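Look at the two complexes coming up: subunit A is in both, with subunit B in one and subunit C in the other.
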Partner chain A sequence: MRAYKLGLNWMFLAVLALLAIPSLALAQQEPNSQQGSAQPATQPAPAQQAATPAPAAMPARDVHQESHLGKLTGHSESGRKLYFRFCWGCHGFRGDGNGENAPYLNILPRNFVAATFKCRSTPTGTLPTDEDLYNSLGRGLNNSNMPSWISLTDQQRADMVAFIKTFSPRWQTEKSGDPINVPAEPALTLQSIKHGQELFQKLECWKCHGQEGRGDGPSASTLTDSNDQPIRPYNFAAGSRFKCGVSNRDLYKIFLTGVDGTPMPSFGDVVKPEEAWDLVHYLRTLQVRQKSPELTLWMSTPEGAAIVSAQRISGTPTGSGINQ
Partner chain B sequence: MRHKQVISVAFLLTGVAAMSFAGPSKPAGGSVSGKVTYEGTPAKQKPIDMSKEPSCAKQYTTPPTTETVVTGPGNSLADVVVYISAGAPDEPPPSQAVTFDQKGCRYIPHVLAFQTNQELKVVNDDQTSHNIHPLAKVNHEWNKSQPPGTPPLSEKFAQAEFIPVKCNVHPWMHGNFAVLKNSHYAVSKEDGSFTLPNLPAGKYTVTAWQESYGTQTQDVTISGSESKSVNFVFKAKPY
Partner chain C sequence: MTLSVPVRRGFSSITSSIAFAALLAALMVADSPSAGAIPAFARKYGMPCSACHEAWPKLNNFGQTFKDNGYQLGNDRDAPIFQQPAYWPIALRITPHWHRESTSATDITNPATTDPVTGLPATTEGQLTTHGFDLTGMDMLTAGTLAKNISFLLVPSADETGAFHFESASVRFDNLLHTPWLNVKVGKFELDNIVSEKRILTLSGQGGFYQGYHFQPVTEDTSLFTFGIGDNQLGAELSGHSRNDYTRYSVALLSSNDGNVDLPNGHGYDTFLTFSQAFQAGSLGLQRVGAFAYVGRAPTYHTLVAGDSALGDGFGQKSFTRAGFFGLWYYKKLDFTTMYIHGSDSAFLGTNTPSYMDLPLGARKPTWNVGTIETHYTWNPQLILINRYELVRMSQQALPGLPGNLGDVDVLTFGYRYYPFISSRAGFAFHNEYSILRQRGVSPINGVDVTSSSLFLGFDFIF
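Moving on to the complex of A and B:
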């Protein structure tokens, strides 16, 4: 008991000694409770620091990265502080996606060291643009544990993007891919929807997404992502928001760029732009619980109305095993 | 004046002669050859159920098996990549492309070795869509769809790496790319044999890589144009 007390005293002295060193980094390594009283007056407001878990241990990084978003320029030095306040719990100390919370998450946090990103405007296998990362931060990734960071300022998100780019050496040796060209959306016609329906068959989208777009195709149950975690194909009928943006342009990008790190491949080499738009129009009709011009037009035909009303029948989560 | 011309012509001739001698037509001739075998019991390869893809299933009278360990007569191991991992300089890629074929919902060959930055052609000979998904860690991971009847994909890998390849649509499809830094490599044949030709004299590290059993290395010194024999024995695990 006495030895224990002695030990504590000794530790307290050591803490004091450490705090005396005018280095924020070292001071932060000690438990937060002792900071209030012993902190030198020169230190910045403790309230904010207490919330920041351990900037102390932030790995020193001589890499500087910037992000350029229109008029905004993000700096990795500023992003670093934000990362170690908001992001590292999941994405990890080294940015490798092995944060404290990672084991409890179903879709694992992104590994910034591997620099494989889902939502890109660039071809498969290339680095995303700053804007892609910035948009993902603001949007969050639906159906995963990644929230939207729209509550932060634009500058803060730009800084975070810059810091994320310090984790992989790829950002120093490579440029972002060239964003794919998204031509203007042609007028919506019934013909376009029907052609999209044919493409859905021809390209065998249904192998994973299912004939009705419920994410229950024959290969669906076998899918794993690049972390070897089971992953489900998008269920159009359930109609949740798309991960990489909700507009038709975003949907267009998805199958031309692929969702890297997942089973969803890029169709960039095999689909023509006008075909891709037809497919977009058809996919909207599979989202039977979301109002869209495509769905309205589709339901105005007897064929479409029959299909949609059948698809609206809800059964088990995967839509299988329904007996009528 | 005339003298000078004669001399320069003579120089030119000797130069041409020397070049033809040192040129690629007469490579320095050492080589390493040998056999890859296993001891123990290798995992039993399971028949693949392709019933979800009838266009592929009907191509086989007896279902093909998985290929994580491919054995031949006399405990020989096929599909082992044997290459010079140290001692040989990195080489620029050859102009010839290698072909990775998707046929009958399998990858042919199962293990494809080629050099960094060498052109890789991916061909779909099936009546179904495949997606080619190399799970690269050092190189860039990409994932491309290839419906039937589309032209071959042309790809390159810049870094040396063993890359597992899969098709997400057909989960049984599994192959390997061995991206290597120099041209001294071979994939062991069904009888386990391999030959690494055209090795100049020097000290080398020979590495054998098997997708389930990992790597083994041996050091070899080649003097002159001798042929060295190197054998690898992998310990097989039954599961």
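Moving on to the complex of A and C:
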């Protein structure tokens, strides 16, 4: 009996060793050597499987950053763990937007090293506020692969904001820009919409966005972003949400701060605040499938009703959710 | 090692045999892998497993939100039209493994031996140990969106012999009336269990399922009545959740057949309700508490199919209930899952009495309580240590003469899963686990306590 038990124990050890060896061998693989290696979006899949990032190899390890959001203080040390759970697949181990999934995305992930951010409340070219980054995390970026992280806790998102700020030296040498002033929205009037329509022509918004706001203006096919990737102007007719928010206030900010890293400039030095609101009101009427007070008012006029009717296109649903 | 014991067969030993057989059957079912992790999603969205799973296959709140949104991230890029035409949302999971199963008191009668008094084979009860290389069942998971706000899940599943069945097959309509509070799912699906048995982190024969989700008193004939909250059910579910998924509810109307197709016992419906609420606890992270209840009916007798030994349709439905509450508690790298379940069956079900007959003298509804505490230590996304203790205590036997602790269960499970790599293309885990179970008074011959243990070493992969 004793010999039997001894034999069984030896067998256990042998089996355990047999099963453990392959795992240990896998664990000994070199960390992914493709860190930071940018591949164009048209390249085939990288042959080498990525390993989980080795924290010790990270350049941002010694940099400490905080984020401040009301009573919340985010810490980069905590955000680091979250980043390497949730974000690195797209944004990469080094935050340079070259994650293992980046070659397959037609809107490349944000390059945190460059610290150029689309959604800001600050003037073009400046760093965003912590709140801007925090809001982007919670909202996600529509029509991109960036989801909403609202299911994380407030503290977790604050920590992630702090960690994102460790990737670029800009955060150590520059302060965030001052948020632009957004005046109270004036009352919606037909004159405001019509003036916005005139501004749409005068500022040549149509060159990119098209006369109907479908993102098909004469310049649309030539546009590229800061990664030299083709980029399509926003299609107002198809979208219900903007990349940087859903409200009129968000649209106002997009217009006056620009969308850095894209051809969409800031119009902060070109138009007056009240004119910007007029443009906001008009742009809402281009969202011909999206109920809004602006659209309702616009359609109450024969001119507006005729334009909207002509802009609406009926077809067979594709299941995409885009109804034009 | 064998043990010679005198023959003693009575009510308790017979029912114990039935219960033990049922337990083994449950273990066999549970031994098939869970239907939870779907790298097809990771490939579609390019996210690593760790984005949606605390440790694959257990979901974190982001993964739960994604699931509750109908497998959509909600960025207007979820519909198939946005995918490469070659993209095929399918994943396969199986776990080659070595395992050792040992049971302390089982019928190991050798037909060649005879009892000198009766001349019949001498019944013998003793320890039975088996071990060797093996396979789990295989899940073929295909899921995703058919269109914006219309999603599906289809899981053809095979047991370890290759016999197929449909583990899940459902279509889901999300964000009805443009609100996440209204979603409808129809088909065969996992009940809305936040403590999910389909995403369980344990795989062994004894520890690979939640006792509380499957327990039935030893006096019940599980060939007539089998039920498990952990079993996928057929029906329709209305569910809803807040944008961040902190608040969730679901109500399901289910056929009274424990998920079996072709309408066996097709004479009634069950109901399952659940609600949970998550809350932020500062740096501790997200905590969640919730409750659930299942009210069902099951047949007490069946028609017999002429010329066939199989049971026909079930009649004489009587009720049963399961209700409980749970909590998911996080403290830095440590988290605890706690769960309490109260179970109750009709006295007819508890004593295997057809509804047209009188109950045995003193018969009453069996009731029991289940407690579960599961602890995880997530060292990092690559390594998780697992421990679980479950106990089942009968609070009332169906018949007054039975020992109060007959059928009580204690199960201790511990192990770890190590993920050598984390990617957005496939999942792979080295899984080590040991589990030991003790059930009171259920040995098939002597009615003594049975202790069973499982050692499981395997490679769990999905791609």
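Assume the second predicted complex is superposed on the first by the 252 of 324 C-alpha atoms of A that agree within 3 Å, B and C clash if a C-alpha of one lies under 4 Å from a C-alpha of the other, contacts with A are read in each partner's own complex, and residues count from 1 in each chain.
The definition used in the following text is that a contact is a pair of C-beta atoms (placed from the backbone, for glycine too) under 8 Å apart; a residue touches a chain by one contact, two chains touch by 3 or more.
Because the structure is predicted, anything quoted here is derived from the model rather than measured.
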item: Subunit B versus subunit C as contact partner of A:156, first or second or both or neither; value: second
item: First (subunit B), second (subunit C), both or neither touched by A:105; value: second
item: Contacts of A:208 with subunit B and subunit C, given as first, second, both or neither; value: first
item: Partner chain in contact with A:266 - subunit B first, subunit C second, else both or neither; value: first
item: A:313 touches, of subunit B and subunit C: first, second, both or neither?; value: neither
item: Subunit B versus subunit C as contact partner of A:141, first or second or both or neither; value: second
item: Touched partner set for A:90, first subunit B, second subunit C, both or neither; value: second
item: Contact breadth on subunit A, by residue count: subunit C or subunit B; value: C
item: Touched partner set for A:125, first subunit B, second subunit C, both or neither; value: first
item: Interface residues of subunit A shared between complexes with subunit B and subunit C; value: none
item: Subunit A-touching residues of subunit B, taken from the complex the two chains share; value: 52, 128-129, 131-133, 135, 137, 140-147, 150, 153, 168-171
item: Subunit B contact footprint on subunit A (complex, rising order); value: 114, 116, 124-126, 170, 202-204, 207-208, 218-219, 222-223, 226, 258, 260-270
item: Contacting residues of subunit C [partner subunit A, same complex]; value: 1, 45-48, 50-51, 61-62, 64-66, 73-82, 98, 100, 131, 145-150, 243-245, 280, 282-283, 285-286, 380-382, 418-425, 430, 455, 457-459
item: Residue ranges of subunit A touching subunit C (in the complex, touch as defined); value: 1, 11-12, 15-16, 18-20, 22-23, 26-27, 29, 49-52, 78, 81, 84-86, 88-90, 99-101, 104-105, 140-156, 239, 241, 317-322
